[in-house]
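Several structures are given next for inspection.
Two complexes come next, and they have one chain in common, chain A, joined by chain B in the first and chain C in the second.
Entry: the complex of A and B
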């Protein structure tokens, strides 16, 4: 393929952020306007004290023009994140389920709308802790028995962003393992094929 | 590891020299030996590239012992501590230890073939965790040596063979892209 190598294997974080901007968020507009028809849908009406739902990209665009206040998603609070972090630490086996675009959304909100969040510094450090705990688990997972027998890596509940970082390396490494598999285990080799395919299909 | 016809790595792996013993006299091929004699005699040892040795060996014109890069001595070293074996030294810089081993295995009989492939696979598995650590952390801003004993990262990096180098740069790239994203300030988001 003619794409640069880094784009062939997986989606980049920037592309994932772009996709995350399709998600809906609630905003409180600071201006009045009737419904507005855009290519992607009809949004509004914008009536100052009442909230309305728009895609994240529109919310951010309005935010940059200081025309709205973004209502953070319910998981974007210090309490919820602290609980999540605690669960993540206690769950040594797997990963805690997160909203699909958790990392992208939280980062964009912290970057552009931190004045709408309650104690952004705290949120930032909690998110960092959470990321570190999960990264450590991924690292352990890579040295686990599943990978050692060349068959699978436990990726349940990883978000697409985390997968995108892992995927190019893992897929290539698994490919090498498979090609070094002794021929006698032909059937087992095909089993691996399925597992790898299953992994690759983990939708982004 | 693709065995694509156009794969440069595969072509390079096929080009490693193998020391073969001829089982018969071959007239007119003395130049392979680098000698002035016109003929190759029975039992003479000649270093020939693998792609030629493969065909000759399958037709039983030559025999070859396992090359030193896959000898018992290397196997013992790998069993002792796979990450500290310098694979690149075994097959020359940029050489393809795994690929070449696999090509040789294709010529061997069942038992030695399984032994050789198992050695390759186990070596790869044992070297994967340090490789992953190294590729994930070398991209971070500090160029200090990643966790573990001081210096092991550097010496491991020196010992990587061709495909490990590829894998390393793949891991490094995705680590770098992700890190750049985390460090970016999100000005791109939401248009102007």
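Entry: the complex of A and C
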């Protein structure tokens, strides 16, 4: 098949990390080099004490060669994360707005550049707490009455990674619910996509 | 030598039009520099070979010709790529400016950051959009052409610079970076094309029977859809249909309950969208309204937000 089944439903965490690696990050190079022109832009010059902005993948590749120090994003500090965690816990109704790819970014930074972070263990546990608080909220939200009834869900401030975890389940569930609904108004535009409720419709 | 490495201190904030004036000149210099360098190298080689007694002569001679053969075509390539690149950049600039104007005319100024995106980021968006939806999206021909051209140029330069013994350590390091990025972009393109291919194969009958979908596909994709549908049809006929009674042989029949044999994209499948602009309200099937305010994220049936997605106001996640 052109696209493996496992990739059809949603983007995988690896692919999301790939996207996160396109984001820009500040580095302090430990070597000097003139500017380099890549497809996505011109980066550099790399001159030791002064910082420069590069895509995350470039920063990580330099980091692996011990040629730079990555300046962690502003939200990746214990203080900020503690504040975010507190807000997240207090906000029972919704989710706190977080950087779009905070899970992916923090994961690769903790894995590959933990020596550039201030107290990485602390950060790791804070990020884990933050993620678990949000996951608990998601689970609670899904249990509430009526979420599965319609075919619409507001998911503001959830990050793409969290959404991609949920998407296959939600899409499937919504398809099921739709096919169980009394027929009538859904005649137009009704495809018979075998992957989604099509079978159910036939067998009912 | 300075092909894609910027050695001069040109300012990035310069307008695009002025920036383009830079590279051709710079490359001209590069070509000249390399040719003069090759001259001195030939001289040094000659002196070396004259020092060597015996069999060395033929060896260094063949090395000389090899050197020449790597250099002379490169000179040609430089001039070629100068032309190509300036044309390309010109198109790019025109494209960018075009988008910018449209945005200024039609939409609010501050909301859209599209013109700031580079090609790779744009490609990421396009890919995510294709992956996130069930329907077939518009084929991004211009973007693909630009990326392919750039990739090809990069590949040529990497090859010439790599085989050139004159390339310095620093440049070899840059080459590694360039190649890493090329692989990333290639992955994106591959995955994008494969996603489209799987959709096309799945819905080939629907595509062929619906003329409104045809402009969404590239020429190659269209001919693939045709050939694939043909193959599938002949296969079914040979294996099963020919041995069935005449009235059971149809491949595009519709059952009594309105189910068709032609698989088409189910536009009721929900998509995840992030509203980059205020998209107003949509009416759900229950009669309820949902506001798609700027900066909010929704999981909503594709057919309800199709127009916003196509406008780019809603970004697929």
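We adopt the following convention: the second predicted complex is superposed on the first by the 173 of 204 C-alpha atoms of A that agree within 3 Å, B and C clash if a C-alpha of one lies under 4 Å from a C-alpha of the other, contacts with A are read in each partner's own complex, and residues count from 1 in each chain.
What we mean here is this: a residue touches a chain if its C-beta (ideal position, glycine included) is under 8 Å from a C-beta of that chain, and two chains touch if they have at least 3 such contacts.
Just so we're clear, the structure is a prediction, and the values are computed from it rather than from any experiment.
With both structures placed on the common chain, the touch criterion links A:132 to neither chain B nor chain C. In the superposed model, A:175 lies in contact with both chain B and chain C. Contact with chain B, but none with chain C, is seen for A:165 once the two complexes are overlaid on the shared chain. In the superposed model, A:57 lies in contact with both chain B and chain C.
By the document's definition of touching, of the two partners only chain B reaches A:14; chain C does not.
When the two complexes are overlaid on their common chain A, residue A:22 makes contact with chain C while staying clear of chain B. In the superposition on chain A, contact of A:87 is made with neither chain B nor chain C. 10, 21, 57-58, 61, 150, 164, 167, 175 are the residues of chain A that lie in the contact sets of both chain B and chain C, per the superposition on chain A.
Chain contact summary for the complex, chain B toward chain A: residues 1-3, 98, 102, 110, 113-114, 117-118, 120-121, 124-125, 128-129, 132-133, 135-136, 163, 166-167, 170-171, 173-175, 177-178, 181-182, 185-192.
On the side of chain A, the complex with chain B involves touching residues 5-6, 9-10, 12-14, 17, 21, 56-61, 63-64, 107-108, 110-112, 139, 142-143, 147-148, 150, 161, 164-169, 172-173, 175-177, 179-184. By the touch rule above, chain C contacts chain A in their complex via residues 4-7, 12, 118-121, 124, 128, 131-132, 134, 147, 150-151, 154, 170, 173-174, 177-178, 180-182, 184-185, 187, 191, 194-195, 197-198, 201, 258-260, 263-270, 272, 284-286, 288, 290, 295-301, 303, 317.
The touching residues of chain A, counted against chain C in their complex, run 1-3, 7-8, 10-11, 15, 18-19, 21-22, 33-42, 44, 57-58, 61, 150-158, 160, 163-164, 167, 170-171, 174-175, 178, 185-187, 189-194, 196, 198, 201-202.
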